[in-house]
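Chain nomenclature is as follows: A, B, C and D, assigned in order of appearance, with residue numbering initiated at 1 for each chain independently.
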């Protein structure tokens, strides 16, 4: 009597709120409908406010990976020395982009259940004063962990490096201060804590980053990956501006509505809500006798909780059982973490005690159903105690 | 970041499924759009199948009460002896209609946490062989209890009485067999176990009932309450038929979609689903140390669980706290039962373990928050054990 | 590749705007969801403003006919002398209600393509100083004509009569001044010029009308048709109020959104828009050589244009052709006018030059297709000249 | 009382049908929701059927330009000789991609109101037997013209060249036979004749094209522009497949619904519908005394009609007037054609006589309003005569 999952507690894309979905269901606008320009501008304005930046914010017509790859493509010159920080799957993948576009790769790596240590970053910069670009992931969604990007980026800026930050799943759920922390290119996903649709990449670009793009040997222009196109064709006088490509207007309309809701609640309140349910979820997980994936709760993400797969449980079977029997959707491990952990997302619309309680209850039940010993009510009970 | 309640576990109207809501969001059709007649006919056809009847089924443009009052208005002649069975608020209210339209009222009454005893009905008929019309409520939603209408209506038919049955909240969640049980006029609400919108009254009418309406001294015609209008203007040759009034087409379209979903799942499966979560809910309630309102679990309704208000708890305060803090909506007592109990609905779309678990968890938490001692996890834990 | 009619230019119910449909598609709210009371109050507040009244405005859960019949039922005492004014189908029908509820019927009648003459009303009152209630239709949608209710009602009030006004299809499209014109009970439909859904009856009730209802021999209470129930159960202190029946919340939410749009545009601007397209439509009709139904353009309604069926054209065939070939929906004649005329609606959302032009174009084409001589472009051309 | 344009007759993105919009409004699915894989597969299956191909069809998460650029990026090796055919803006732009990715550029060019002559293509191949890749645009939307890609691609295949075809705006509105005509890479847009949303690129890839991608010196992998990623990660055994990036599920769901509607109507019927309204539009344009942009009606596109801007009319002013006064949206010229022409789109949902008539009527009126002499009804009249 329903429709796919009754409760989507995956690591994202997550559910849109009813208001956001209604915005998405509006008639598709022509991208040159005069009304649309206003909505577009209002949306980038709200993004700037959310990201606490005076930098330009551009919207790219593709999912967040487009922004991440484009950041490398548009800035890296052949043989630029690039420092890539790796504490998880997405950090690991970024090395590929750096090499593809001709950068010279340096890395600081740590285990995928730990965070990058700023001291190691400091050392890397001291050893390599000619680093041009540093890339780092704020929230490693596959690990459910956060890196201390504030400290890290301030180190990079001190050493004169450009910073590229993957804040795809963190923005909205935890503080991100683009200007104060020195994030030159910061890529945000609408489909995580902002609770909108996944088909856009939201990118703030500092003047320093624009300069690097313009002075690159072969500046990237007239390309789907070009950030300069947006700068040079759209961010000009109003009368002259045009989109370098067709924007899917409805997604911008939906994002605009999602941001309105976020600001109505208040960015700080939204962050607190994420912290509260993340804490609640961790207590629930521990309460039912499971173990968190992260080495320390201090680095746990506010948007998703990664749980070490218990001995004797088949992760895929567990998730399939939860879905088939109770129509509750959680996520497995991704990339190298596949089979080692599973994840409960609690971001955006889903960052609510009632949903976390529901997910924990059905996780308890599902574990029990497939033969893993859990005391009924132990997880939910502990979670309820935590709020 | 949301919209009114996150979880509506009220006694109804309840939430529509996404498919049903999308049907409701279709452009409003002109009621004489040629396409609409087909949808209308398909809908009454499905209703007949659901109610297991060959009787006519009509759709009235008003909520279920319109059908209930109209059943009395259209059939009762001055001084007709009418037997009204009372085990709750709605049974009690029906006496008003009988008196308003000039019927002579007889009643069999029982406490509002019990069911009518068929033996008492048999006695009433034996004592009053001239009873013309008997009225009974299948599910007393305010009490969360069921009356044994199968036995009761068979007694009435044996004694030659017309039967009027309020199956508003039961149909879809528990068996209703119109023809086999002898229900002459059976009124169903779309907004309960059928999970559609509340603005329609769905009524099956037997040939015997039509005859009573036609042979009444002043047959009710050209009236908003007239059932005969639908019979004589719509249930005629296709070329000649017209609606006696403006139908809100979208509600019929939504109901059609709701019924499609019900038949895709299967009426029996839907009934089992309701039974399962009702059992789960009752175990959860008892598990957290609360008491069911119904005298016996045998008469508990599949669509809503009524819970006796514990000493020292202010019912309205509890519900308001659940709503304000966790955005979960449950119902209070209605009519004479106001302040004596509160109710968790679990019907239609909401009849799912994950939703019942969520509601119980937040009820536990809310009771605790306002100072009533509940062991965290006790209710949810017991509920999970029951499925 | 579509969905029923591409263009619904019927006499209503008409299409909702996208905003209104999105409101209708919101999750169905429990009628006691605390948020709903605010929306309900805001809606009645806007209705008062629109109708220019300080009287109570109530919302009944049924289509406009419910409000019209209830107005008679709730006010007419046996043998009350009632003056019914008839210039069309709905005026004619009202006599039935008056007789049903025991009133003594007087009528002033005119042809169905003319308006009631206030002088005849004055005469009727002079001849019958004991008239208690006068009933009149503002816009006779089946004829596309308006009655001068301002003058008529002021006469009635001068003679001490209660006035019942059917402003179902006029309100929003032409001025309606409840207080200044003395409309005691004024019934409005949401599905005409207000461009919302048809399942509600919106009724303003003066203190004098309430008094009549209360002092009637058998006041109508605890009935689907009772207006007093709304007065006595809902229009009381906020803490004590309850709905006498289940409100289909979504319809109120949709109406609220429709009214917001109306006020954003401005009631006067909306009226002008209706006048403009009505004029445009009439010129188009004449331009293609057809004849208006109304005796005089002075009495033509702003919401619908009735066109005399030309000799040799089968009205039903014409409309079916337009629908089947071009997916454009217009209305035929209703009641006694069936087969004598057809109608192009232009109300609410549809009161736009582009839609009227489109309807006229396809009417031209359809007439030609079925063999009636029309010069291509003659209708649209004349219509475009008129704006 | 409305929402942006009342009628969007732009060159696209155009309006979605109500069914498609409802699909788009479904709750956003997690891309690994088990249900989604089925919808995805069904969608590519329908696309194959529509494009008449046994080749793989992939869906890229970005607008059509992504597919066009990626086709060049994924196949062109440094110094590959590439023949680019230019009859309009998009053909002209393709040269940029070829040069960006290191190809050696050859061109056959013609005026932007003409079509490429297959004889010139034959000559080019004879003169350059080592051409590796040929690129051609089927419908030049900015010019409203078609190129004879059937003949052209068969020539290319005969000479052993790979073919890249921009069928973005033609597919669905005119025949596209991928296998029979020899289209190795064929890029389709959902937002034109398919009447879905613009955020996806739909690409069929022949085995020969895959081979070229795999054997290229630096095959494009792990990139937003990689087609091989979809081939190697998704088009594998079902158990192993994963998306190389996050798919915006709702767009695929919407496209699926759009394709269902297209097949319900029938691809041939849809093509005929486009032809019919295109003819109608051209006759209307000429009827009001305007001139078609295209050199010959034989090459006019079925999806959009380009109209030469008349002397003395300011194109931008005309369009703004139509939008502001009548809320009808048409398109201006694009790229080099800006200011030389304006365009009425009539594709997908909008390819209906009633919409074309409406657009022509308001164009007539707007021209007149701004002082250009048009006889009222002349355009619409001529258009109606043509169908």
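Here is the rule we go by: a contact is a pair of C-beta atoms (placed from the backbone, for glycine too) under 8 Å apart; a residue touches a chain by one contact, two chains touch by 3 or more.
If you're wondering where the values come from, they're calculated on a predicted model, not measured in any experiment.
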Using residue numbers, check each pair in B-C, B-D or A-B against C-D and return the one sharing over half of the contact pairs. A-B
Count the C-beta pairs in contact for A-B and for A-D, then report the pair with the higher count. A-D
Would you mind pulling out the distance in Å between where the CA atoms of chain A average out and where those of chain C do? 53
Averaged-CA centre spacing for the pair chain B and chain A, given as whole angstrom: 46
For chain A and chain D, what's the span in angstrom between their mean Cα positions? 33
Shared interface positions of chain D, touching two or more other chains: 3, 18, 22, 25-27
Give the list of chain D residues in touch with chain C in this complex. 1-3, 6-7, 17-19, 25, 195, 261-262, 265, 270, 273, 326-328, 348-349, 352-355, 357-358, 361-362, 364-365, 368, 375-382, 384-385, 387
In the complex, the residues of chain D that touch chain A are 3-5, 8, 10, 12-16, 21-22, 24-36, 61-66, 69-70, 93, 96-97, 100, 191, 197-199, 222-225, 245-251, 320, 323, 329, 331
For the complex, give me every residue of chain D touching chain B. 18, 22, 25-27
